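Look at the two complexes coming up: subunit A is in both, with subunit B in one and subunit C in the other.
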Partner chain A sequence: MEKQEILSAIQKLVADILEQKGLDVVTLDASTELLGGELGIDSLDLATLVRELEETTGRDPFSEGFIEFRTAGELADLYVR
Partner chain B sequence: MQRKHVLVTGGSRGLGAHLIRGLLADGYRVSTCSRTRTPVIEELLGQPEVSDRFFWGPCQVGVAEEVDTFVRDAVAWAGADGLYGVINNAGIAQAGILASFPNVESEKILQVNLLGAIQVARAASQYLLKAKDGGRIINISSIIGTRGYNGLAAYSASKAGMDGLTRALARELGRRGITVNSVAPGYMKTDMSSTLNAGQLAQIVNRTPLRRLASEEDVLGLVRFLLSDAAAMITGQTILVDGGVSC
Partner chain C sequence: MTTAPGLPLEAGDGAALVARGAAVVSREELRRRSDELAERLRQEGIGRVMVVSDDPVDVLRAIDACARAGADLWVAHTNLPGAMVEELSREFRVQLQIGAQDEARSVAAPTADTEPATDGDGAPQARIFMMTSGTTGRPKVATHTLGSLLAKVRTSASVSANREGRWLLTYQPTGFAGVQVMLTAALSHGLIVVPEERSPQGFFEAARRWEVAQISGTPTFWRSFLMATPPGALELRQITLGGEAVDQATLDRLKERFPTARITHIYASTEAGVVFAVHDGLEGFPKSWLEQPVQGVELRLRDDLLQIKTPNAMQGYLTEAAQPLLEGGWVATADRCEIVGDRVRILGRQDSTINVGGSKVYPLAIEGFLLGLPGVVEAKVYAVPNPISGALVGADVVLAPGSEPSEAKKAILARCRAELATYQVPRVFRVVDAIQVGTSGKKG
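The block that comes next holds the complex of A and B.
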């Protein structure tokens, strides 16, 4: 998958999480910080998001170990083939 | 009809078999795994009154890929019922003085009892978090995780590690209403205690205030309680079912 497709998938998954939490859905871009910023998701939401991305892309970039990422773009890069 | 789905590892014999029978009798949807289909599994799959609520999958706990596949298949089988509870029961034991205990045996014990429990908790918590309506993780530990016993160093370490897993996960998952507890049976007359001889067991009974060994039914009682709504405020605990021998 292309990076933009993965970013769109992240956007949709984040929107689903925010809706379920009753929070306003925000538009994110590659520079949006996933945790600690204004997004309103926590580490458990992020774990769920990563799991969903694995299902969507069929890839698990963390199978060999932990990789640090901060932004939506950095996360998307991990899934680009 | 909606039923709560409880996944139990190692349900093909001993305590695990007793737990799945009890939970099926209580009306739960139950999934379990083992390396091979034992007579217990065949019997339950052949019982019309429970077969539609019972799922078995082949899985070597301790092998992450097999655990992931089993948990995924079990949740898919449960359909709309998703996943409510996880019981990390699969375990192996082997006794011997550590100085002459083969390293490979210690590795096997840690692989199944501790890494296996971590793998199952990881795979299952992904579904519990997704469901967003809470859940239960119960780790079947042992009194030997909190008390020393001659000849069971690796087993003891694996169960103490499991209790640490319980406490860490309780903190991690608590904010989603998922409770995590260890059930630590005292010395039992089961496969896992086959490492103890009759003399050692008699000595344990003499030191036990309630004057008997713990039974599988005693453990099932606590598991039932921890799965119930009445236990919603209990998390991060290691609860001993030992007749008071450790008090």
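The block that comes next holds the complex of A and C.
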């Protein structure tokens, strides 16, 4: 998948999480910090997001251990083939 | 008793002890408030107290005053629902609830079996009862004394190595780990920094404002904290990881980000408190520790499970024990280990407990909750491994005939979010036709 496709998938999954939490849906871009406070998601939400990205993309970039990322773009990069 | 009970807080010592936002409470202020409470306990003959608050000032005030007035103290875990706190309060015949407002309660007279314990000399020694977290089912209640808690803190080396430290409180102040951090700060003339909001950003902002140098948290906390903290923003001296097994990648990231900090991961159990601490930056612990006692503790493997023998074991359970005590004072843990070269790696719990970011989830309890919801006929709850939180809760559910799956799923998850703690909510949720049952008759 292309980076832009993965970013769209992240946007949709984050929107689902925010909607479930009863929060306003926020538009994100590659520079949005996932836990920077703008989005209103916590680390368990982020864990859920990573799990769902694995299902969407069929890839698990963390299979060898944790890789650090801060922004939506950095997360998307991990899934680009 | 030979030493004066209570915390070393002197009148006239204006040093800050607890900071939250811009507000601080000094050591002398806490002393004064604790004196008032101890006086009330003595005057009114109160021997059974419960603290119901997530404010460290209330928890420390209660611990100190009860130890000095000889009153038993129950520390209600923040995660317990109000109705459960009420039930426990009645059951233990609590006479005073400590919180934002201290509240006297009317109770029946205590019976003989609930009289305070005595130490060797026959003098009454106040007990501290700490609870496990969890919103489903009854919490386990473990018995300590202030003396036994302080002994564990003193031997943990955090006190001597971090005099006048500035500690970020990442744990709930009502849990065992949170109390340990608070007592460490109280003993070592340190500062307890409380975040205004328990989010990665809230933790970072509190740490930056108060120039925190010491942080103790779970590996899951650290992974999210790394993401919220820009490089160079903090100068940490002590990084402590506990509550779940830590992986090498997380240790390496911490070392890279905070090159001058001492990085310690600790192994603790509810029964024994902190068992050992590892400072060499490698996951697991040296295999040589299985051959000779280390830090006053003996370790051994039996069927790949870790067993420990420690002088600091807690005094017992008010409720049923979580881990069996074996012959010769050994405690059997459920932590499965493997030996790799000269290292022992901890692989995780042998039992089915799901560790979500350091919080324990008991699958049976969540299955019980799901089965109590309308339209759910069978449920299986399991761990889904996850790089961020270690694990997430997964649930497979069988619906009653005629239910519309997507509507039912929405309704079930809404109830979960409303009634369970966030870490207990199933993050992977599937509606299935059937759940496999093993030959033993148990859910496979």
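Definition applied: the second predicted complex is superposed on the first by the 81 of 81 C-alpha atoms of A that agree within 3 Å, B and C clash if a C-alpha of one lies under 4 Å from a C-alpha of the other, contacts with A are read in each partner's own complex, and residues count from 1 in each chain.
Note that a contact is a pair of C-beta atoms (placed from the backbone, for glycine too) under 8 Å apart; a residue touches a chain by one contact, two chains touch by 3 or more.
On a predicted model such as this, the values are computed, not experimentally measured, just so you know.
Number of subunit A residues touched is higher for C, counting subunit B against subunit C. In the superposed model, A:Leu44 lies in contact with both subunit B and subunit C.
When both complexes are overlaid on chain A, the residue A:Gln20 reaches subunit B and subunit C alike. Shared contact residues of subunit A with subunit B and subunit C: 20, 42, 44, 47-48, 51. The touching residues of subunit B, counted against subunit A in their complex, run 126, 129-130, 132, 172-173, 175-176. Touching subunit C in their complex are the following residues of subunit A: 20-21, 33-37, 42-44, 46-48, 50-51, 62, 64-70.
By the touch criterion stated above, subunit C contacts subunit A in their complex at residues 199-201, 220-221, 223-224, 226-228, 247-250, 253, 356-357, 384, 386-389, 392, 413, 417, 422-423, 427-428.
By the touch rule above, subunit A contacts subunit B in their complex via residues 20, 42, 44, 47-48, 51-52.
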